[in-house]
Amino acid sequence: MAESTATTEREFMLDVRTQDMEVNMGPQHPATHGVMRILMRADGEICTGAQPHLGYLHRCAEKIGENVEWLQYLPYTDRYDYLAAMNNNLGYSLAVEKLMGIEIPRRALMIRTICAELNRIGSHLIAFGTYGLDIGAFTPFLYMFREREWMMALFEKICGARLTYSYIRIGGVFNDAPPGWLSEVERFCDVFEEKWQEYVDLLMVNHIFVQRTANIGVISPAMALDFGLSGPMVRGSGIDWDLRRDMPYELYAEIWKAGAFSIPLGKGERGALGDCWDRAYVRVMEMMESIKIVRWCLDSIAPGPVIADIPKTLRVPAGEAYVGIENPRGELGHYVVSDGGKVAVRCRVRGPSFTNLAVVEELMPGTLIADAVAIIGSTDIVVGETDR
Amino acid sequence: MFTEVLSAAPQSGTNAINDFLAGVKPEFVPAWAVPLTAVGIAVGITIALVSVIAMFSTWLERKVSGHIQCRYGPMRAGWHGWLQPLADGVKLLLKEDLVPVGADRVMYVVAPAIVLASVLAALAAYPLAPGFFFADLDLGIFFILAMTSTTTIGVVMAGWSSNSKWSLYGAMREAAQVVAYEIPLGISLLVPIMVAGSFNLLEVSRGQAGMFGMDWYIWPWVNPFMLPCFVLFFIAILAETKRAPFDLPEAESELVAGFMTEYSGIRWSFFFMEEYAAMYLYSVVGAFFFFGGFESPLTWGAAKVFGDGHVLYHCAAGLTLILKGFAGVFLMMWLRWTLPRVRIDQVMTLGYKYLTPLALACVLGGSLWEVFVAPILPWRNG
Amino acid sequence: MSAAVKYVKNVVDTLVTTLVGMKITGKYLLQKPITVQYPDERLPIPNRYRGIHYLEQEKCIECLACARACPIDCIEMDAVRHGKELEWISFTLDYQKCMFCELCVYPCPKDCIHMGTEFAFVSYDRSEFVHDLLSYRGMSRDAKQRMVEAEEKKKAKEAAKAAKEAAKVAAQAAKEGKEAAGGGGEAKA
Amino acid sequence: MDFRGILDRLKARQAPGLVGSDEPRAADPADKKDKGRAGDPFLWVEAQALPRFLELCRDDERLRFECLIDLTATDPSKDDPNLHVVVQLLSLAFRHRLMVKCTLPKAAASMPSSVPVHRAAQWHERECGEMFGITFTGHPDPRHILLPEDWIGTPLRKDYVFPDEYHGISCK
């Protein structure tokens, strides 16, 4: 951290010191993306210390997991990372399936992959859109909501809900895709590619945006590993790590082998490696990669059953399993322990936002208040997940 | 402000209201009552003007932002929501008058009034038409710049008295920003002033009447330094009026709502009235010094058809100015809904390291052009 | 990069990217908006939409499968059984709790609980969010009819049975009488 | 490297506190009560030696578990006298994972903090501490994280009784 900021140009000086002021950023503040409080010490405009206070949205997800049946927990998984509910469903289902050792029909895997990737696009749209909002650009946010709206309409058609899908379930998916759905997904991909270029032109390469985010909140690779960061946070620091390729689940091994997608990395193009701009860049590029994965699935999907034969009341064999999947925000881990009964003994959720947020404490001191907002935005947290 | 108008109006002796009142004055009314009544009427008109400008601008802002963002904006009150500002105004008037605990009550209440008064005062120097103005000031542009700068005092008062840290941040940012941008704003206006040879808005406008009302100072053949000057001027007025990308004093994603975090109801709306009126006013200043002021083919045609003193000529000139003013306002809105916000240190850097030196360079170049090149250009001596 | 080049590059970059952005926003300014004026025009709601439930009461057998499947126990039902027929007392769904997960729909053996396309909930009172899904209380006319028929059938059956029994008894008695008579005869003999 | 390889390597390095391992197995047909175990294999490590164990895992050039993904605990049942602390490790260099488990008596739930080894453990330990009542000695900032500062009780233990009210707010 020290080396990297020393090389970057800081355009303000610390020659005047005043008494530090404590400012509560949150729990209701436009930049905290939900109800989170950051207790900030500030010397004028310069932040000298920050301490995140969580728990305003704590809903006891893990305790609930120990009290409801395996399948009944599914709707609760929607609710921690509510921007990527499909991925949460997928992570939980995979963990339980690992314990049960069931074979998932191929069509179900395809539909799961399509949904998870579409949801990743939706989540990154929000991440990038609200990041623009934090920086002060209002319009790109609404453009991104427009595409996300279509994505949500697609999900509404396949599962009937727009945000809390509960669609991917243990053993497969709830329903087969309705007729015409897959071709609409293809249309979505076509339109999205066009619009994506607009986001890049409008916000990503905008000089003010670059100036606001480059060289801010630099996370070095060593620091990223030390803090256990994952997802775009670690890829923004130039570490080539993606669970979809490196520890493949579902069909990703096959898709990677087919060369359908690549993994974008932060390169420090506009500033130091691992700054806010790099993280935003990784997210923007990942949307395009997700589109490629969706296209591959659309090309190779074949009719078939969409759910394995599982009993109505699940009894999961005794044992414990940890499954980490690549959520849009990083590694979403589900650690489930079963004693062979109808209810889990432990249902631990390792939320990527929770771990990613921890680094904020370290990045904030020495930045301006406006940068603090940019740093929080670049971690792309969902408070539902940090607090669970 | 009133003394200024009072002393200015009778001296110049061309105030239309004053002339009209003097013409219809009965014998028993003392002579000093005439300018005083004229001032009263002018103040009334100015307040109405500010309200109308602010109302129309809020409507325009919401429609422009809406359509830029692929949505409609207000659609319910009247045709395409044109009555929406009225509905909002009624709502704001009826809202509870809140003063936060611990706030400095007197300052808190006075601050919005000062903010609004500053722009009202500046509007006194704004001619509605070539023959209809409240005060034809020789140093009109100086008066406008001086008056609009006093907004800062109100904003700082508002931020300080609110007893909120976010408000204080907003106020401090506003103070720093306005100080930084007064300089390039003033300097960038020097080139057109040099070309026009006057500080008087009406005279500047009259100087651009040639070429069917299209002989504007912005054209590069008049002075090639005029275009960069206009760009600098435009950036500076964005910062002066706290518009994005320089909306740091209210930066909603950083400072909640900046200096007006604690304000609500009609007091809060005063800040917005000031902002929109100032936007319009600065656009008008830009129109006067770069885009011909009252002059346009429309005005030229009206002058040819009806003659130089006809009411319709004045209407055409006034309409031209209003259109130019709102074109500037529209451009500011378009920019606001396109750009992200800059950071406070970048605002300072831009102001001091980019705009001020560039403005000075433009003034140097412009004055050299005026001294050495302009005299030999045939179209500058016709 | 020397400072001067950087200075010029900053100025040029800012102006160029700003103009590119304005081109994009300007393009949308002239296009038709994509939003709809909600209460006047509405977007179509897909068939699978998970809205307020509806119940095909005729089919329901009060097996409680949906109530058991519900993660938050918001379904409650009560009915009295008259043989095969149900006399409904209540079937309530508490929409203050319901999270529209559709888990209640799948376990139903008769496929009688569904989620509809109605989504708007407005009420002045919390108690109004507890919906009763029943379209009628007690028994339907058909069920009553069936019950009466069943009763009659049962009665008829019973009567038939009783008659048969009676006949049997009579036959038995006759036989016994005969036997007794015969026996008597034998005894006599 | 697979689980066996990791285990062998750790044995060869004489990893501090390594107690044993547990791997999934099929049910034993002879024993009717045995249902087998599904899922992932894990290592048993002594709780007091966990930071040193993690340090070895991180620094060993053939393991290189640079990333502490998760640190949490499990309460197996109400009657069990022990808590299990579970750590998930990940090696980006060699693309392998490792699950490490420690037992900790409920009566004296105290163990050294892993923050000096992995700063990622900081928030996980805070959460784990408040939810299971584990004291991590040497933790730089042992405040509550998700629960309010004045919350009494350790919610994720199985014997936890939910309070009737909190600051006058009914919890029922």
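Read from first to last, the chains carry the letters A, B, C and D; within each, the first residue is number 1.
We take it that a residue touches a chain if its C-beta (ideal position, glycine included) is under 8 Å from a C-beta of that chain, and two chains touch if they have at least 3 such contacts.
Everything numeric in this text was worked out from a predicted model, so none of it was measured.
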Any chain in contact with subunit A as well as subunit B: C
Intersection of contact partners for subunit B and subunit D: A
Of A-C and A-D, pair with higher C-beta contact tally: A-D
Subunit A-subunit D separation of Cα centroids, rounded to whole Å: 25
Subunit A and subunit C, separation of their C-alpha mean positions in angstrom: 36
Subunit C and subunit D, separation of their C-alpha mean positions in angstrom: 44
Between subunit B and subunit C, centroid-to-centroid distance (C-alpha), Å: 65
Subunit A residues counted as touching two or more neighbouring chains: 139, 143, 146, 202-203, 206, 208
Two or more partner chains touched - positions in subunit C: 10, 18, 21, 24-25, 28, 34
Residues of subunit B engaged with two or more neighbouring chains: 68-71, 337-339
In contact (per the touch rule at the top): chain pairs: A-B, A-C, A-D, B-C
Complex contacts: residues of subunit A adjacent to subunit C: 68-69, 71-76, 78, 139, 143, 146, 153, 156-161, 164, 166, 174-175, 178, 198, 201-203, 205-208, 312
Touch list for subunit B against partner subunit A, complex: 65, 68-71, 165-166, 169, 172-173, 244-245, 247-248, 251-256, 337-346, 349
Partner subunit D, residues of subunit A touching it in the complex: 54-55, 58, 60, 62-63, 66, 98-101, 225-230, 239, 241, 246-247, 316-322, 324, 331, 333, 335, 337-340, 345-346, 348, 350, 354-355, 357-358, 387-388
Residues of subunit C touching subunit A in the complex: 10, 13-14, 16-18, 20-21, 24-25, 28, 34, 43, 46-50, 69-71, 99-103, 106-107, 115
Touching residues on subunit C, where the partner in the complex is subunit B: 7, 10-11, 15, 18, 21-22, 24-26, 28-31, 33-35, 37
